[in-house]
Structure formats: C-alpha cells, structure tokens
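Labels A, B, C, D and E are assigned to the chains in the order they are written; within every chain, residues are numbered from 1.
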Amino acid sequence: LDEVKFGTNWLAQAEHGGFYQAVVDGTYEKYGLKVEIVQGGPQAANRALLMADKIDFYMNGNLLGSFSAVEQGIPLIEVAAIFQKDPQVLIAHPDQGLETFEDLAKLPTIFMGKDGYSSYFQWMKKAFEGFSDAQYKPYTFNPAPFIADEQSAQQGYVTSEPYAIETEGGFKPKLFLLADAGFETYSTTIEAKVGFVEDNKDLVQRFVDASIIGWYNYLYGDNEAANAAIKKDNPEMTDGQIAFSIKTMKEFGLVESGEALESGIGCMKAARVTAFYDQMVDAGVVKADLDVSKIYTTDFVCKGVGMDLKK
Amino acid sequence: MTMATVDNQHSLSGEKNRKATKSLPEAARWISVAGRMAIPLMMLVLLITAWSLYVWAFDVPHYILPSPMRVAVALYTDWPILAPALLVTLKITFTALTIALVGGVALAVLMAQSRIAERALYPYAVILQVTPIVAIAPLILIYAPSTQAALLICAWIVAFFPILSNTVQGLKSTDHNLLNLFELYGASRWQTLVYLKMPNALPYFLAGLKIAGGLALIAAVVAEFAAGSAGAGSGLAFRLLESQFRLNIPRLFAALFLLSLTGVAIFLTTNTISYLLLRKWHESALKREN
Amino acid sequence: MTMATVDNQHSLSGEKNRKATKSLPEAARWISVAGRMAIPLMMLVLLITAWSLYVWAFDVPHYILPSPMRVAVALYTDWPILAPALLVTLKITFTALTIALVGGVALAVLMAQSRIAERALYPYAVILQVTPIVAIAPLILIYAPSTQAALLICAWIVAFFPILSNTVQGLKSTDHNLLNLFELYGASRWQTLVYLKMPNALPYFLAGLKIAGGLALIAAVVAEFAAGSAGAGSGLAFRLLESQFRLNIPRLFAALFLLSLTGVAIFLTTNTISYLLLRKWHESALKREN
Amino acid sequence: MKTSPTDRNDALGQATGTVAKAPALVSLKNVSKTFANGTVALRDMSLDISRGDFVSLLGPSGCGKSTALRIIAGLGDASSGSLAWPVRSPVDDKSGTGGPNQDISFVFQEPTLMPWASVFSNVYLPLRLKGLSRTAAREDVMDALQMVGLESSAGSYPRELSGGMKMRVSIARALVTKPKLLLMDEPFAALDEITRFKLNNDLLHLWEKFGWTVIFVTHSVFESVYLSNRIIVMAARPGRVVQDIAVDAPYPREEEFRTSDTYNDYCRQASQALHSAMEVSEPA
Amino acid sequence: MKTSPTDRNDALGQATGTVAKAPALVSLKNVSKTFANGTVALRDMSLDISRGDFVSLLGPSGCGKSTALRIIAGLGDASSGSLAWPVRSPVDDKSGTGGPNQDISFVFQEPTLMPWASVFSNVYLPLRLKGLSRTAAREDVMDALQMVGLESSAGSYPRELSGGMKMRVSIARALVTKPKLLLMDEPFAALDEITRFKLNNDLLHLWEKFGWTVIFVTHSVFESVYLSNRIIVMAARPGRVVQDIAVDAPYPREEEFRTSDTYNDYCRQASQALHSAMEVSEPA
C-alpha cells in the first residue's frame, strides 16, 4: 500500500464525505492506497504543509488559490475538481426586500472572512454596482452578529451556516449562491505538487479515481460509516447537519452539474478555467498574463469513472 | 484593668486589618477564611444575577448571549465532550508553562550574567514575543518534528517573555551592598547567582509567573487554533471554534467558563506559591507588625 | 608615582565594567555607544548570514522560507502597501497601550487600596486575561459601538494584565518602615499612594510596561484578526493574512519584519524610559560605585 | 528646679507602677507586646510621660525600646494593656481620632529615607503631607538641613550620602515640623562626637524653647544624663521598666555640665542601673 | 612595648607621607576618590598599615572613612593613586589575584543581611561560599553567634530582630571566618554600653590570640583609644589623614585601663585631634 496524506481545508464535514467514504469502505485500499485525512480549520496550515511536502494532496477551496500559486511561481497543480460549483454563499435576512444578488449592495454590512474579502468581494465590486469596502465587517466564524443585525449579510457555505442559522436562529435565511451570480470557479479541487504528480502519475490516478468512487458511494450509497468517521474526527458534527449538507449538495448540484453530469464527478475543462481567469483579471482580483494552463491538468479526470454507481 | 484585655483608648489611623487573626483559635481561622472567600463569591452571585436579568429583561436570544442557566445545562450535558478537551488543553498549558519557566529563567540568568548575552539576545526575545503566532505557525509546523511539538513551541513563544523580562529586572535589582559582600568573600558568579541574585529576584519572578500562568493557558488555546490537531484528541480551542460555527453558543460559553475557571485556579495557585515563598521575608507578603 | 595615574597593583575580582566611562570625553562616549550597538548588530549580521546560507545550501523554496534578499526586495517594492498598514497598526498599538496603562494602573491602585476590591476584582481580571479573544470577539462586535471600539477593547484585554499584575505586586512591596512613617505623619490614603507606593512600585511597573509594550503590538494584530477592518484602511494583520492567502510569502516576511522592528523599537523605548526613571536611585539602573 | 514653662517634673514617679500626680501626656498601662513568631517584646510595661518631659530610654540591645516607642506613636498595636492620652484637648486633636498624629515626629533607628527622593524632598515630606507647597516649605526645610549641617547636600540622593549623613537627614525630617512630641530612636549613634554634642545642644535648646516632649532612646549613658530629666532603664526578655531615674539638674545645661560632679554621679547611677538591668535580663 | 608576636608598631609613621620601616601589609598611596556626581570623597590619602595593627579611623561624619575602608577591601576602585599589598606572600594568596579576598572580613556600616535567610544562614554565608557544608559549619556559626549573644535567635529572620541585634549578626558573620584582616565600620554604634564593652574585650582577645590586623571605624574616641595601637584622624571635604596617633599602652588591656591616666591622656589627645580635624574640614 502507498501511504498518502490528504489535507482538507476545514474540520470534517459532509462536504468531505466522499473522501471519508473511500477511506472507510476500503476503496482507497482497493486502489493500493493507505490514505490519512488531515483535517483543516480556520487557521490550519495544510496548504503550507503541502508545499513543504509534509502531505501529498490538499483540498483547495477555489481556483483563486491556484492563480496565486502560479503568480508566485509555486509549482502546484489541480488534478481534479470535486465540486463543480463553489458552495460559497451570501446569506441575508428574509423580508428585507432582497431579491437579486445586486440587492445585497443595499445592505450596510456584510460579514466576510479576510479571504472572502480579498477574493470574491473584489469580483463583486467589479461585476455589480454598489458594493463597497464600507460594507465589510470581519466574520469570525460565528453567525451571531449577523443574526443580531437584520440589515446585514454574511458569507457562508451553502451546506453549513444556513443550517445553523435555521435551527438556532429560528428563521429561514435568504441565500445567494456566488456561483449562480457568475462566480464560476471549480471548488474542492484536489491539489498536489507538480513534481509529485509527474513522478507518481499512477498513484495520482489511483487517488483521483478512488476519491471519485468514494464520492459516488457517499452520495448514492450507504454513507453511514463515512458519517460516523466524520463525527469521530469532528465531534461537534450532528446528524441533522450532515443530512442538510447532503441534501443541499444535491439540490444545488454542487458536485454534479455541468461537465460532471456527462464525464463524471471531478471533471474539469480548460475553457471554464480560462473563462473564470479572464473574469477575475477583469475584476482586478488577479494579475493578467499568467499562464493558467499550468495550474491544472485534465489528464486524470473526465473519464466517467464510477458513474455506474449512480442510482 | 486586667492584663488580657485589649483596650486601646485611642483608635489608630491606617489599616485596621493589621490587628490580625494570628492568635485566634482554629474555628475562628476558618471563619476568616470563609470571610475571605465571601467577597469573590458575592461578586459572582451579583454578576450572574445581573447577567440573568439582562438576558431576561431584554429577551436576548440564546445564540447571542445565553442565560447562565442554559450555560449550566450545556456544561452538564456536554461534560463528556468538554472534559477530555479540557484535559488536553490543561496538558498543553502545563507543559508550555514548564518550558516557559525553564526557558525564561535560563535566558534571564544568561542575560543577567553577561552584558554581551543580554545585548545579543534580548532583541530576539522581543521579536519572538511580538511575532504573531498565526503568521509563523506554518513555518513551525513544517520544521517541528510533530504537531505536538509545534503546539508546544507556539505556546512557549507566547508565555516565556513575562518570565524572562521580570526575572531579568529582578536579577538586576540586587542590593549593591550585598553584592559587595559577596565579592568580598570571593563568591563565584554561580554562587552570587544562586545565593544572592536568585532569592532577590524571587518577588519579580513570581509576579512574572502570575502573568505567565494565564498566558500559558491562552497560549495553549491560541497554539491549538494555529497548529492544532483536530478531532478526537483536540482541546478546548476546537470546541470553541466549532461551537461558534454551529451557533451552539451555550456550549461555547460552557467552554469559556471552563477556561476561566482554569485561569482562576492557575492564578490562585501561583498566588499561593508566591505567598508561601515570600511570607517569611518580603514586604509584599508580610503582615505589618512594626 | 604621579597622582593622576590609576595604578592598581592588585586586580579586583568581580566585574570589571564598573570602571566605567563616566569621565571620558565626548568622543570616547560615542565609541562606547557604538560598542554597545556592535553586539546586537553583529548578532543580526550573523543571523542573516546563517539564514541566507541555509536557504542557499538546502535550496529552500521561496514559498517556504524566502531568502533575506527576497524579503528585502519585497519590503522595498511593497512599501507603498505595507507602510500605511504599519501606520494603522501603530496607531492601534499605541492607543491600546495607553488605555492598557491607564486601565491597568487604575485597577492596580484600586486593588492595592482596598482588600475588598482586590478580592472582588482580581478573579475577573484573570478571567479577562485568559479568555481567548477570538471566542468573545463576536460579542464585542455586537455590543461595541463601532469596529474601531471593538478593536480597542480586544487589544486592551490582551495588554492590560501584565501592567495590572506587576503594579499590584509593586504597590504591595512598599517598605513597612516608610509606611509607618507616612501613617505617623497622618498621610491620607491618597498621599501614601502618590508619594510612597507609586514611586516604590515604579521598578515593577516598568517591568510590566516592558511586557505590555510588546503585548500591545501583538494585541493590535490579534484584535485586527478578530475584529478589524480589511482593505484600504487595514493594518498589518490583514496584510499578513492576505499575503498568506495569496501565497506571497516574501511579503509575509516583510510584514513580519516590520512587526519585529516595531516590537524592538517599542522595547528600546520602554527600556530607555525605565532607565531614565530609575537611574538616580534604583539598584537595577545604578552603576555600582560603593 | 523647674526651668521650663511646662510642668516638666511633676509627673515623675519613683519606679514602675507609681501613679503620676498630674495627668500624663501619654500613659502606658500594663502594655504587653507579643510578636506573631511568639517573641514577647514587652510585658506589663507601665509608663506615664508628662508634657514637657525629656525622657531617655536606656536598656540592653533587643529589650524592646524601639517596640515601646512604636506603640506610643500608634504604629503597631499592643497585644494587651492600654495606651491613653489623658490631657489631650479636643483642640489639639484635629484628626478627631484621639491619636497623636498631628504633632508627633519620629526618628526611626534606621534612616528610612525614600531612595527616589532628594535630601530636600525627604525632609520636605512631612510638610508636603500637611499640604504645604514646596516654596512655602523651602525655608523651614533648609533651616532643618542647616541644623544638621547638610544644607549643601539638599540636592543629593540618599544613596550618595554616608551613613551618618543619612541619619542626619532623618533627624532634619523629624525637626522640620516642630512637633509637640518627638520620639527619637538612637538618632545620634552614627555621628562623630563633635557633631553629636552639637546636635545634643541644639536639641536641648529647641526643647526648652518650644516646650516639646521628647522620648529619646540612646545607648549612651552620658547622653541620657546630659539631655534628659528622666531616665527609664529597661530590662530585656521580656522588656519592662526596671528603674526610673529623675535627673535633677537644672536646665539650660551647657558643655560645663559634662564635667560637673552631678553629671558624673548620675552617669554612675545610670550605668549601675543598666548593669543590674542586664543581670535581670534573660540572655537574648 | 610590643605585646603581640607580630611587629605591630614598627610601621607607625608620624603623619601622612612618612614611609614605614617594615613592609606594610596594605599601603595606600595618594589615593583619591571622586564619585560620579562629582563629590570628592578622598584626596591624596596615603596610609600604610602593618600586619598585626589595630588601627582606628576617627573623623567627622561624611569624611570618607567608609569609602577608604571599601577601597582597602577592593570594593570600588580609587579614582587615582595606588593600593598595594607589599608583604603578601604567594602562599596566602590562593586566588592568585594578589587581592585580599581569601582572608578578609568586613562589617559594613549597615547590617547588610539577606532578608530571605535566617540568622544562622546569614552567618553561615561566608563559610558556605568557601564550600563548607551546613553541618561542618554549624559549630563555628554557633560559636560566632554565642559571642554576640544571639545563639537563641539562630532561627529568626532579620526582620524579626532589633537594630542592635542585626548589627550583631553582621559582626558574627565577619568573625566566623577568623579573618586575617578585619575591616569594621562602626560595628558597635547600635549597641548598649555593656554589650559594647564586652564585645570590645572579646575583639581584643581574638586580635591578640590570632594576630589579626584590624581596621576599625568608630565615632567613639574612648573606644578608639581603648582598642587600638594607632588612631588615624581624618578631616572631611576632601577626606584625608590629618593625624596619626600611636597609642603606646600595653596589651592586654582590661577594664582598669579605662580608668587609667594614660587612657585619659590619649582620649584628650584624640579628642583634640578630632576637633582640629573638624576645623580644617570644609562644612559638609
């Protein structure tokens, strides 16, 4: 068995379900891999660990990170994109007369993480009228300030925060998925060092395939054991939250939409990456003239692996 | 007028508590201890009442500020989750405090013994103090042999400086006459350090310890944020974070309460140590008798 | 043997640097100042060389540990971004330090004046010290009138404790004979505080100040992480995070370097203040003359 | 043989326990002092001191002289027994506490100077505490410093002074308030004989001029005889009064008094009293 | 009239500048001391002290006695001039520094005790620094404490002692090492006369028995005459030697010596010397 360390970008949750599934149901093992999942967190340094070769694969949030890597000359490459859509969402109170994404510009306050501020918010300011820095307030990963202030919005993962707000805050918030507003990045990509990929093509292929199979099984098969593993890693996780996440992932087509429907989970297409890059250059979020072809490879995906598991 | 009556016909200005409990029987001593506890406890009751009233009167939603009752319930029901996390945090705290103590005192001694060492090293001690852990955690994680080690390094960085700084000040505050005496009797540097400078630095060191005790706890939490191992073996920091994220605010407060309690316990311990070490001779711990 | 020659036929044991620079002419004094700077500078050169060598010898990628040269370049090219951020951080730092000073000393005075106040308040000071800012930042954000205020509250919570704790210890360390003297002359509590306890607490307070200076800087950064603004008006914390997020590690190090420099500058300032205030009378700052 | 305007001598009893005829200025009755560590510093000490007295306390080292002085000053309570100020009129008693605070001064056995303050500021302290401004106090402070020969050291810090100079600063600080009751604990022990004699005379003149009451601890039998109209000899372990000697020599006393026979007789008497006090004292 | 085995008296010059015949134990030549604040504590002080001497320093308060003693002890360098130990044999000099460290003791003017250590530990200190274990030192320490009458206070802390008791602890600490050279800065000033006389005699006996050299600062003319074979009288501002009086009375001296005519003569002589020293001193 080849030992592989895979670092996620957050604490264990249903959004990582496919990977846990592949671990617990023996898919990785079948593919000759012994995978250890290293949880992330708000300040965890899993990406730095990837760069320092302390882990082998990293779960990257969106492609902006990859653009930064190529800008800084860091040899990182995406080998699969598990989420076709970024689950990043802006959440607002109902009954505030907010109908479209642009309406968020009317709010005096948007709670955002610093990374959100320096990525999609820059895009929002460019792409829509009326967003401004004055709206920014820091999001400390606690939705209470948002709930306390009706005239505000906050960032979130469509699969997570809305659930907490609904159950604890007692109201059904309005959700504005960034992806639906035109923020067309892939998400939850599998990232590795370029050199590692070149030297271990077979291993990478096996990891990608097994992970994709894990995801099909997680979404359509018996995922109880995987959920148990998630709850073991993150004891704060509740069954309700997991069920909500899975439901939402399906509802919004996070994992399966676009190319994934034809070529299987994890599929990436050059055209979409380039289009997103141009969009971001236009918004002034990233530098122009980067060679974005370096940041991904489609060699390992879009092969229809595991599509037969879908029921 | 019998000999045994205390009958001061004039009352003295100044503090009355000098007329202390020294010769009282055991029972009375306990009453006095109880009296000493009474004020903080009253304060606690007051605070909790005010908090309850505020939550009740303004109908504050529990996800913003839970009532004390709710926090108590969370503490009770979540105890099986919180207790092991507390243990982990305590372990890091005490390990960090221990190495902060050893490291801080060792550095202080080095600096007090040699001007060159002081000038060469102090700036770097300061730099360590002012470097935000979050920013260098990745580096530490990369170079540390294990996450556990990384955690301890982070915690140490936060906690060692107060001990270092106070101990240096204490070591330097040695009475010059006593230094002369030691020089005269041909004391070696080491003897001067152990028999003179160190006892003399004790009050300063202990003040530093009081700061470092709380700081080590904070350091353990911060280190866990920055470099932490998540999951089953994680400490209070992760409980805090996830509780927040999940809007389980009563549990967040229960965790905070445990942290506070730990902090106060550490403080009382360092305070007691300080009292025991100084009570025989240092002004700060002596009762005024003459 | 002429009168003017210093000709000690026996050499003394103990430190030689007591034979100090007091009566040297101006030029010689400058040489001595230069000598004092030489050691830290040499240390700096050494460190930078070692760092460069390490990066070069092991071919460490710049995104893990950039070479000093790269950091210098980043510092130069990113100066227009970093400078305003530094200014913002400095402003928060000094505001936080000021209120930590005022608050810490005021609390210490209150506690040293009244046992009841001490017992009632000290536990809560400790609790404030050990509460992780990240955990209560949301509450502060909700209740503070503005982000700026929230920031300052966060920073104050981090920085005030060392001052409080050290000052309390200092206020309590007053010589009992002098206390007696003041009592005898019917000094009011206030007079005893201002004319006796406070000057006496100065060395302790100053040791606390040295700790708090660095801590205020860290506090400013941490507060900005937790409650601060982003974008144009943001401080170094935001730049740090952003650099990390953007994988711009040289800029991250440049920002860290600025923080370190600020920390050392603050330390040197507090150290100088300490020296100036104590040099006339306190052992720690006096040259041994007899 | 009363030479001062106040009724200096009418309070002299013969020995312990005798009640004074006129109300005493301060009166210790059966005062005992046991320290926290169990040391019995004083046991059943009774002593009446009349207004205008110049009383010397004489006794072996460690017999409780300083402790007695502190109790009289109101610093540190007695463990049992009583301390009273019978004749103190309400007018004197500004603080309303019945205590002696307003017009008492104390020269401690150790200089007890504030190391952070200059000599001037140290002497200025009691006046500052009374609310006087620096300029208003300037003259008094400089006068006091001149009396102890330290006017040129006003700007120095205590650490820059010799042992005797520190003690003189402490004396100046006590004199600067012109106190009604002056408690002095071996004030001149660290001074050379010439300075000591000079200060002896200065002190006597002030005492006569202002009608002060002085309680004076000394180890010098000569000094006690020269200065005081009453010598209290104490014994140690536990500290108590064993002899009460009235020195019936007229004031003003000048240097010639030091060579007079009366003087020598009293010296011998005090010396003997001290010797017998040593004998009844348990070994320290 | 030499009564001690060592050549105690042959080093006595008449006044400043006279060279001693035999090599001196310690020799100050034109020593000056200016403090950082500009105070000239000593100017051109020259002094040879022979092995076995018992030298008293007498002088007005602040004239530089303590400063001179410190310079001799090697604490604080002179600003100019030289300090030499001519006869010091290599055998004595274990430290190899040529300094006096190995067999010198100093009683400072202030007790200078470690507040955190018991009386026993304070006296034990010099032996501890020499490497002796507590048990090995026990007897010596208790002997020294007994000599000063404090054996029952061995377990007390300094703050629990009276002023005189603290000073006696300091004396015990100096005597416990049986030093060859003993420097004492007003050691007995805080003691009652009886204790003082007893300690005077004890000190004299030890000095004779062990052939010590003692340099002794005192303010008591009587004490200086009673104890020493040589009295150095200093004047102040700047501090310097103004008279060097050889006290040619035989040892052992007992209490009767205090009433002898020789004694009185010398006392008068020393007193006069002190008076004239005061006159040549600038006012402090």
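By definition in this document, a residue touches a chain if its C-beta (ideal position, glycine included) is under 8 Å from a C-beta of that chain, and two chains touch if they have at least 3 such contacts.
Listed by chain with UniProt protein names: B, C = NitT/TauT family transport system permease protein; D, E = NitT/TauT family transport system ATP-binding protein.
Bear in mind that the values here come from a model prediction, so they are computed numbers and not experimental data.
Participant: Quick one: how many steps at least from chain A to chain E, stepping chain to touching chain?
Facilitator: The fewest steps needed to get from chain A to chain E is 2.
Participant: Tell me which chains count as touching both chain A and chain B.
Facilitator: For chain A paired with chain B, the chains in contact with each are C, in label order.
Participant: Farthest from chain D by Cα centre, which chain is it? Let me know.
Facilitator: Result for max centroid distance from chain D is chain A.
Participant: State, to the nearest whole Å, the distance from the C-alpha centre of chain B to the C-alpha centre of chain E.
Facilitator: Taking the average C-alpha coordinate of chain B and of chain E, the gap between them is 49 Å.
Participant: I'd like to verify one number: the distance from the centre of chain A to the centre of chain D, where each centre is the average of its C-alpha atoms, in whole angstrom.
Facilitator: It comes to 87 Å between the two C-alpha centres.
Participant: Where in chain A do residues touch at least two different other chains?
Facilitator: Those would be 48, 52, 140, 142, 144, 148.
Participant: Where in chain C do residues touch at least two different other chains?
Facilitator: Those would be 12-13, 64, 134, 138-139, 142, 175, 180, 183, 186, 225, 241, 282, 286, 288, 290.
Participant: Residue numbers in chain E touching 2 or more other chains?
Facilitator: 35, 66, 70, 74-76, 95, 101, 110
Participant: Which stretch or stretches of chain A touch chain B in the complex?
Facilitator: Going by the criterion above, the answer is residues 11-12, 39-45, 48-49, 52, 54, 140-144, 147-148, 160-161, 164-165, 167-169, 232-236, 238, 241.
Participant: Per the contact definition, I'd like the list of chain C residues that touch chain A in the complex.
Facilitator: 61-64, 134, 137-139, 141-142, 147, 225-233, 238, 241-242, 245-249
Participant: List the residues on chain A that touch chain C in their complex, please.
Facilitator: Those in contact with chain C are residues 47-48, 51-52, 65, 68-69, 71-74, 112, 114-115, 117-118, 133, 136-138, 140, 142, 144-145, 148-149.
Participant: Which residues of chain B touch chain E in their complex?
Facilitator: Its residues touching chain E are 175, 177-178, 180-187, 191, 195-196, 199-200, 202, 280-282, 286.
Participant: Would you mind writing out the residues of chain E in touch with chain B in their complex?
Facilitator: Interface residues on chain E, with respect to chain B: 70, 73-76, 95, 101-102, 104-106, 108, 110, 112, 114-117, 125-126, 128-130, 157-159, 177.
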